[in-house]
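Structure in structure tokens, see below.
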Amino acid sequence: MGILVDEHSRILVQGITGQEGSFHARACRAYGTQVVAGVTPGKGGQLFDEEVPVFDSVAEAVKETGADVSLIFVPPPFAADAIVESADAGVPLIACITEGIPVQDMVKVGRYLQDMPTRLIGPNCPGLINPGARCKIGIMPGDIHLPGRVGVVSRSGTLTYEAVGQLTDLDIGQSSCVGIGGDPIIGSSFVDVLRLFQEDPETDLVVFIGEIGGTMEQEAAAYIEEEFTKPLCALIVGATAPPGKRMGHAGAIITGESARAESKIQALREAGATIIPTPADIGSTAQKVLTGG
Amino acid sequence: MGILVDEHSRILVQGITGQEGSFHARACRAYGTQVVAGVTPGKGGQLFDEEVPVFDSVAEAVKETGADVSLIFVPPPFAADAIVESADAGVPLIACITEGIPVQDMVKVGRYLQDMPTRLIGPNCPGLINPGARCKIGIMPGDIHLPGRVGVVSRSGTLTYEAVGQLTDLDIGQSSCVGIGGDPIIGSSFVDVLRLFQEDPETDLVVFIGEIGGTMEQEAAAYIEEEFTKPLCALIVGATAPPGKRMGHAGAIITGESARAESKIQALREAGATIIPTPADIGSTAQKVLTGG
Amino acid sequence: MKLHEYQAKEILSRYGIVIPRGILVSTPQEAGKATEELGGAAVLKAQVHAGGRGKAGGIKLVRSVAEAEREAQTLLGQNLVTHQSGPQGVPVNSLLVEELADIQRELYLALTIDRGFGGPVLIGSPSGGIAIEEVAASNPESIHTEPIEPVLGLMPYQTRRLAARLGLEPELSRPAAQVMNLLYRIFTDNDCSLIEINPLIITGDRRVVALDAKMEVEDESLFRHADLQQLRDRAQEDELEAEAADQDIAYVNLEGNVGCLVNGAGLAMATLDVASAAGAAPANFLDVGGGADAEKVAKAVGIILSDPKVTRVLVNVFGGILRCDVAARGIVLAYQRSGARLPLVVRMLGTNVEEGKEILADSGLAVTFASTLTDAAQAIQQAN
Amino acid sequence: MKLHEYQAKEILSRYGIVIPRGILVSTPQEAGKATEELGGAAVLKAQVHAGGRGKAGGIKLVRSVAEAEREAQTLLGQNLVTHQSGPQGVPVNSLLVEELADIQRELYLALTIDRGFGGPVLIGSPSGGIAIEEVAASNPESIHTEPIEPVLGLMPYQTRRLAARLGLEPELSRPAAQVMNLLYRIFTDNDCSLIEINPLIITGDRRVVALDAKMEVEDESLFRHADLQQLRDRAQEDELEAEAADQDIAYVNLEGNVGCLVNGAGLAMATLDVASAAGAAPANFLDVGGGADAEKVAKAVGIILSDPKVTRVLVNVFGGILRCDVAARGIVLAYQRSGARLPLVVRMLGTNVEEGKEILADSGLAVTFASTLTDAAQAIQQAN
């Protein structure tokens, strides 16, 4: 089981002929993921690594290969277009890795996707992985994962790997791990992913990794309190980080105090989450909760 | 019963202090409609006809009076704003009478309303009426209506009155009559209204009045064939009308042959509708169907 | 509102779309001078608001100044009759003199509103240079559409896809996409109901050029485009239709002799349908609109009465936003102003109907009242 | 990227928003001349990228040319320390000399992106002229927001509502709405992350004027704004931070002595959290980003090594889009280039981790490898 993807998922990689795209398409395949197609406009007809057909458009790729997940490595100026192209081609799940997409592009894409059946993970995210199904759709190092029953959801990329690494070191396997991305506007929120973990019979516990800024953790806390029935360990990073120099005044007054780490930790604690004291304690906290300690 | 509105509906009139707005607000009240508020920016605090409070904004009107239907007489340049203001204020039903709203304004409003729970009737329409509930939300002459069990839905304004007049002359009452509007982009389609008539236990038969242009009648025919279970009499006008001088080439090739009257009549006939031979035969055709003749 | 080719092209050019070099002229002498400026050979294109101009002889290739003057002499001042212009044709008051284009390929590109989609669509075909209706009939699968989501605008993948379907090589895909993007901007900035570039050509030196351009601005939006309002050319419009348009009245001149005044487009079409079925030939389609006051009704009736072929008048008014008393006052006013004595069949129902009938009955006009559509049609058929 | 007040105002003015008459100067003589041009009295405003300028003495009212020259002499060339500038302050290299405004009322208006809403919001308050954070703390209900749906844009009813909440009389509602509409256009046209007009004033003669303006353009969007890229003023930025920004590296200078190289903002924050908890004071926050190549990593490490307060370096890389071997090569390159011999604690995990460690082990650098976050923090705490 796990969420969103499994061993039947058929992946197409947008930007497969680029440097990052080709590297990670290879890594996904090496892990066991079914990469069935690539898309690079103007390079249709090629074969990637002598096996994966490359198409000029997502629509062709879907038609010819039945791809049902799109993994995007397209550079920032073209990434919004890539997302919309996949959504319009009817791809039900998109993971967009690209970092640095202009916010106003994502404002529009976000609005557009509201009316579409497509689910977007990211952008500016590591993607998602289902270790039990050997299905890796993203840039995370596959070999640190272990099949198991803990779900991981995180706003951060590399910190997700840190969490997984600590879990695996303690022999705690993962059902699915999802990096939802660090941009101001992203396709799927904590709540969206928690809902899926709630429904997944093979997830017993969720490790939740938030950050300072925004109010998404508070929204997750509200959901956890009202509907989420599984144990959850939560880490919020950034308590000692410098005050966000990039956050303007006007932005600060929208979220105000709630953007700070303490506010988020408090909300999650009150919602019944077990708080992970420091980033070094992710694995051990999960272990304690699992063993009832 | 009837659809959309009944004796409990509480109406606010946007543009109530204008010439048309005030005339028709009065006519609605005279018919028995509960007009609970008016809205004209800058005229808040006045009383309309010494009884109906006028507000500066829809939000205030809704808050103070519990209005749940908005009837719009605002001039074309400001009508899109009026629709959005009502939708944002949470008004569940809007009837926009205004004729001549720029199409590109309605393109945007149409897209916005997709994500809103609000239902829009019109623009460029006569509104809707439930004679049994003495609830008239629009510009139709109230006294031609008779409470009864025939639903009327039409793209045309005055032709709807013609239909109602013919029905009433034959003592055939109406459950509800809805003019969906003649503009290229409207809030509710034939199918939307037919669905409501399908669900209404007090509607036995529907009189359906279409026009040349567009393909909405064909979409209705498809719905009628697949899901609509009540008898339906259909009139399509425009068979002898001059070829639409205002329809550009590019527009013509989008809809092509299907914009013509014969194509629409054929689709409706094949869907099981009883075709009304000429506009003079609306009442008699309905009577025949009702009496099984 | 239709624009002339030269007006549309000026707008295209201002946005950055490449158009041929061209000079607008209104005399044969100017045509000759322009041809000289363009190197001694040119195309003379009649500036008229009607398609099918080429087949009707409205476009002439000239290879000398003398030939330019001769052809301009013939074209200017004539009424050009095309399959779209109606039998009376449209006057040729100016010519666009353009440089010869090195045409390698002719494509079709257009933007319009698609009711079904509820927004603008971009339409393209590799079969440009001929009427798109013919392409639609003979080769419909060569016409491609790209719906444009208003929140997103035209997306790059759509322009790539359409460019590919137009058969453009990769190196031409980018300039063609640029044209598509600019057309969409022009369409939205100017509240167009139609932009049509037919043909969009690929030249021998691999440029993408708008060789012809048709542009229509939505009448309802003209209030916010003072600049575009200036571009209206009344000379191209049917005189009565232009007068009606000035009053914001929907009017189409037809062949018969029954002048029709109706409120509402649907009822107006229904009235024509019933009148025709009863053997009466309508002289016009006229929807006076919902928001009419007595003066506007009077103007509408005045337009009907000023049509020489009209011998009787049929009024079919169902009072709603337009009240019957208002309509009646307008009718009386128009008859008084024109001094006309044409027989009048009136069917009135709805809001303030009694007042309306009273006003007409008291007016001294030769009014026959009818109560049903059928009655009205029969009465007008007999009223001669 | 932040713009100066004078740059922001020039953009506002270009779009049609009224700003005071002003002259940019960079010498006391120019300041005197400008004051003379403005009628002998003016306001001198230090052009710096830091809020709180007024309280810090960066704004001076002068009533004569001599006074203008004197005050300009003091301001120009100094480092202005405000509550936002950090202790080192920001250099005052130019002054905006503006005419005196006849202030009747001071309002606040801003536009930014609201993550929760997923789009732009317009923010307004009748309490302008003071820091909005203070208003938010003391009188939060006087701050009003209007979310803007991208497909619709800012709707008239929203501008009417906000104008009313700002306490504007009906006759001022329209010009204020106009300012709001223009601000939204500026915001979207220029991919802003923030526009703040504080105060927006009502003058004695009832005009709506932007008396101050703050504008920030989203760094990610600069690639499509060549014109705005020109407006960057490096002198206003921390030198190392500016260097980092040039390389597209997220870097913030801190107070400690442990240079930190991390990939990923979350892991970088986590690293600071753990290091601080272990008693080691970070010298910086540095996220080298996902798409880094060896050269970019080398630049990042170079920035760390060029910081004089750094005595040891902590590397925490979890290989994903950035592979460990690439990171290792970059680190070695930077040490070689700088000749630095600072101790290095490296924690590396993930993609190509073995190759990465091998490269570092073979490099001859004083590397300590750590396997967990705690180990790394302890190792760096001891590495002195």
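Order of writing sets the chain letters: A, B, C and D. Residues in each chain are counted from 1.
Definition applied: a residue touches a chain if its C-beta (ideal position, glycine included) is under 8 Å from a C-beta of that chain, and two chains touch if they have at least 3 such contacts.
Keep in mind that what you see is a predicted model, and the values were worked out from it rather than measured.
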Chains contacting each of chain C and chain D, listed by label:
A, B
As a test of understanding: of all chains, whose mean C-alpha position lies farthest from that of chain B?
D
Count the C-beta contact pairs for A-D and for A-C, then tell me which is higher.
A-D
Go ahead and note the Å separation of the Cα centroids belonging to chain B and chain C.
28
For chain A and chain C, what's the span in angstrom between their mean Cα positions?
53
Chain A-chain B separation of Cα centroids, rounded to whole Å:
46
Flagged in chain C as touching 2+ other chains are 149-151
Listed in rising order, chain A residues that touch 2 or more other chains are 108, 111
Are the chains arranged, by touching, as a line, ring, star, complete graph, or other?
complete
Chain D partner contacts - residues on chain B that touch it in the complex
41-42, 56-59, 78, 81-82, 84-85, 88, 108-109, 111-112
Going by the contact rule at the top, pick out the chain B residues touching chain A in the complex.
114-115
Residue positions on chain D within touch of chain C in the complex are 150-151
Mind pulling up the chain C residues that touch chain A in the complex?
149, 151-152, 155-157, 160-161, 164, 170
Across the complex, what residues on chain D touch chain A?
51, 110-116, 118-121, 123, 131-133, 136, 143, 145, 149-151, 188, 191, 193-194, 196, 214, 216, 218, 220-221, 223-224, 252, 254, 262-267, 269-274, 276-277, 285, 289-291, 317-321, 323, 349-351, 353, 372-374, 377
